[in-house]
Amino acid sequence: MRPDLRPLLADALLGLADDEMILAHRDSEWTGHAPILEEDIAFANIALDEMGHAGIWYRLVAELRGEEPDTYPDRLVFHRAPDEFRCIRMVELPKGDWAFTIVRQFLFDSAEIVRLQALGQSHHPPLAKAAAKIAIEERYHDRHLRAWVRRLGLGTEESHGKMQAALDQLWPYTGQLFEPPSSEGELVAAGSFPASEAMAAAWVEGAAATLADAGLRTQAGQPGINGGRLQHTEHLEPLLAELQSVARLEPQASW
Amino acid sequence: MTDTQWPRYEVFVQERPGRPHQHAGSVHAPDPEMALLNARDVFVRRPECAGLWVAPATAVHGGSAEELPQLLAAPRSQGGSPSNEYLVFAKLEERGTLTHVGEVRAAGREAALAAAQEAAGNRPPLALWVIPAERVERSLPEEAASMFDPSRHKPFRNQAFYHIQTALQRLRRDPSLIANRQSPEARR
Amino acid sequence: MTDDERLAHFEARIARGEKIEPGDWMPDEYRRQLIRMISQHAHSEIVGMLPEGGWITMAPSLRRKLVLVAKVQDEGGHGQYLYHAAETLGISRQEMIEALHSGKAKYSSIFNYPATSWADIGVIGWFVDGAAILNQTMLARSSYGPYARAMVRISAEESFHNKQGIEIVLALVQGTPAQQAMAQDAVDRWWWPTLMMFGPHDSESPNTPALVRWGIKTRTNDDLRQEFVNQTVPQAQAMGLTLPDHELHFDKSTGNWRFGEIDWAEFWRVVGGDGPCNRERLQARRAAHDDGLWVRQALAAYAART
C-alpha cells in the first residue's frame, strides 16, 4: 500500500475500532441486569464479539503505524485522552432502557454489515480478510437484533412506545455512521476503503424497511453532524474515566 | 398481564456432522426462533457444535423407564394421520443422555411412543421421548458458519489458554520476580 | 409396592450407581433436598455475576476485559443449566426467582462480600472458583441425572475461571509494590469467607445424612475444605502472598495444612442475611427483574399472536 495512505487508513480504522470498543463497554454494563437470564448470556456474547472486533481493528492500526500489535491496542484504549478518540457520538450515549439498547445496537450493527461487505472488497488484503472474519459473527448479531426489533416493535403498546421513543432519540445520530473520513477521496481511489455515500444509501433503505416492518417510523433524512469523529458528547469523558481508572493507577505496569 | 419466564424449549446439540443430536438442557424463550437463538448463546459458547434443535417442552411425550409402562397403557387420542413423523430420543446408558435414535410414523403421540418402544427391541431404554417432527425447530446448514464458527475463535474460554503451572513453577525457581518479596515470618 | 418397598428399591438403585431420572419414583425428602440444593446453587451463580460484572468496565487491559466478560457470561450459563435441572423436579423458574427475590431462598454467602479492588477479581477466581471446582467435581457424581449432567458441563467450563483468576494475581505480584499490596489486601479479605463457603462442620450440618445416603453428597464439608487449603497454600507461597491465619502450619504426619477456627458467628450472621452486600445484591436482582417485566410481556404478547 502507498506509504502516504497508511496514516489515513489507520485513522479511518481507528474510528471503527473505537466505535466497537465504546459500544462494547456500554453493552457490557447490562451483564447481570438484562430482562431475562437468556438475554444476559446472549448480550454478553454480543459484547464479547465486539471487543474481539475492536481488537482486530486496533491490531491493523498498529501494523499500519509500525507499532507493536501486542501492546499498542492497550495503549490506545487505556492511555488516550477523550479528544483523541475517534468514535461516533451514538455509541457514547448511556445504555438507557432495553429498547434504547436494542435500537442502538440494531442501527449500529446493520450499518456495520453494509460496511463489512464493502470492506471485504478492499485492495488492502489484511483489511479484506479482517472484514470477512468479522462479518461471520455480525450475521448472527443481525439475526438476533432483527428478531428483537420486530418483537419489541410489535409486541405491546408499551414496548412499541418505548421503541419509537428510542428510535426518535437515536435517529439524529445516524448521520455519523457513514460520514466520510476526511481522506476518503484518496482511500477510495486506491481501492483501500469504500465510498461512504453508496454505503449510506444502502443502509438507510434496509434499516428503514426493517424498522417499518416492526411498526416503527423513521424520520425522513438524517441531520448533518458537525465536528467529525474527534468531537464528542459529554458522556465520553466519564466513560473513559471509568474504563481507564485501574490501568491508570500504574500506567507503566502490566496487568 | 401476567409475568412469566417464557415457556421452556428442550435443546438438542449435534457435536459433529453425522453424529446424533443429544439432549443438553433447555432454554426459556417466547417462540421457536428465539429458542434457537437462545440455545445457541447458552449451549454453543465452546466448540463443538455442528447442529442445533429445539422443541417446546410441552411437545415432548415420554419419560423414564419407570414411567413408560403407565404411559404406554394410557388410552390413545383419536384422529391424526397415521403417517405423522415423530423424532425418537432414547437414553441407553446410565452415564449417557437422551440421544436421537431415529424416527417413527404414527397417528398420535401415544402410538408413536409405543412404536419407539417396540423399535428399541431387546435394548429397553432408560428414558424415551417422542416429539412431532413439525414441532422441532432446526438450525439450517447455510447458517452453520455464523451460528457455530465463532465459538472456535474464543480460545480464552478454554483452560488450556492459561499457563498457570508453568508460571507458578517459574516463580518458585526465581522468587526475585516477586515485587518487594519478604519472608512470610517477617510479614506476620 | 408399599412406600417402604419403593424406598428400598430406590436406595438399591442408587447403591448400584444408577442415575435417577425425571419421572422416577423418589422420596419426597430427596426431591425437596435436591430442589433446595440445586436452586440455591443456581441462585449463587446468578448473584455471583454481580460483584464481578461490576468490574468489567474497569478491567485494565483488553485481554482482561474480554476474559472477564466470558467468565461472567459462563456464570449466567451455569445458573441456566442449574435452573433447568431443578425444573425437571417440578418447580418452575418463576417460582425459584420469586423465592430468591423475596429472601426466602438462600444462595452462597460468599457473594455477599463486596469486590472492592481489581485484585479482588483475581482472588475471587483463585479462591472462590478454586473452592467451587472441588464441590462441583463431587456433585458431578450425583445420583440425580439432570444435576450430574449439569455439573459435568459446568466442571468442564469452570477450570478457566480459576486459572484466569490466578493469572490476574500473578501479574499483580510480579508488578509494582502497589499492585502486590493490592493482591495481599484482597487475599486478607477473601480467605476466611472462602473457607466458610464449604459450610459448617458436618456435625453441625442438619442436611448431611440424607444427602450422603442418597448419593448427592459424597464428601464431607470438612474434607473438601481441607483439600482446598492444601491446594491453595502452596500457590500463595509461590506468589509471595501470606494467608491471614496465624495458626496455619504444615502437619507432616497427615500431609495436611492445619488451620485456625472459622468465626462461626460471622458465618451465621452472613447466612442469615446480615452480610455487607446482602441487601444490595437482592435489590439489583429485583430491579433487573422488575425493569424487564415490559420486555418479557412484549415478547409473550408477540408470540401469542403469531
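Odds and ends about this structure:
Per-chain numbering from 1; labels A, B and C assigned in written order.
Basically, a residue touches a chain if its C-beta (ideal position, glycine included) is under 8 Å from a C-beta of that chain, and two chains touch if they have at least 3 such contacts.
In this text, all values refer to a predicted model and were calculated from it rather than measured experimentally.
Contact with both subunit B and subunit C is made by A.
Between the interfaces A-B and A-C, more contacting C-beta pairs are found at A-C. Subunit B and subunit C, compared by their mean Cα positions, are separated by 23 Å.
Distance from the subunit A centre to the subunit B centre is 33 Å, each centre being the mean of its Cα atoms. With centres taken as mean Cα positions, subunit C sits 36 Å from subunit A. Shared interface positions of subunit B, defined as residues touching 2 or more other chains, are 1, 5-6, 27-28, 30, 34, 42, 45, 154. Each of the following residues of subunit C touches two or more other chains: 66, 70, 73, 77, 80, 174-176, 179, 293, 296-297, 299, 301-302. Shown for subunit A are the residues in touch with two or more other chains, namely 36-38, 41, 45, 48, 52, 151, 156.
Within the complex formed with subunit C, the residues of subunit B that make contact are 1, 3-6, 8, 24-28, 30-31, 34, 42, 45-46, 63-67, 91, 94-95, 97, 126-127, 154, 156-159, 161-162, 164, 167-168, 171-172, 175, 177-182, 184, 187-188. On subunit A, the positions that touch subunit C within their shared complex are 25, 28-29, 31-38, 40-41, 44-45, 47-48, 51-52, 54-55, 58, 73-74, 77-78, 97-98, 150-152, 154-156, 158-159, 162, 242-243, 245-247, 249-250, 253-255. Touching subunit B in their complex are the following residues of subunit C: 17-19, 21-25, 63, 66-67, 70, 73-74, 77, 80-81, 84, 87, 92-94, 97, 149-150, 153, 157, 159-160, 163-164, 166-167, 170, 173-177, 179-180, 235, 237-240, 242, 246, 293, 296-297, 299-303, 306.
On subunit A, the positions that touch subunit B within their shared complex are 36-38, 41-42, 45, 48-49, 52, 133, 136-137, 139-140, 143-144, 147, 151, 156. Interface of subunit C with subunit A (complex): residues 46, 49-50, 53, 56-62, 64-66, 69-70, 72-73, 76-77, 79-80, 83, 118, 168, 171-172, 174-176, 178-179, 284, 287-288, 291-299, 301-302.
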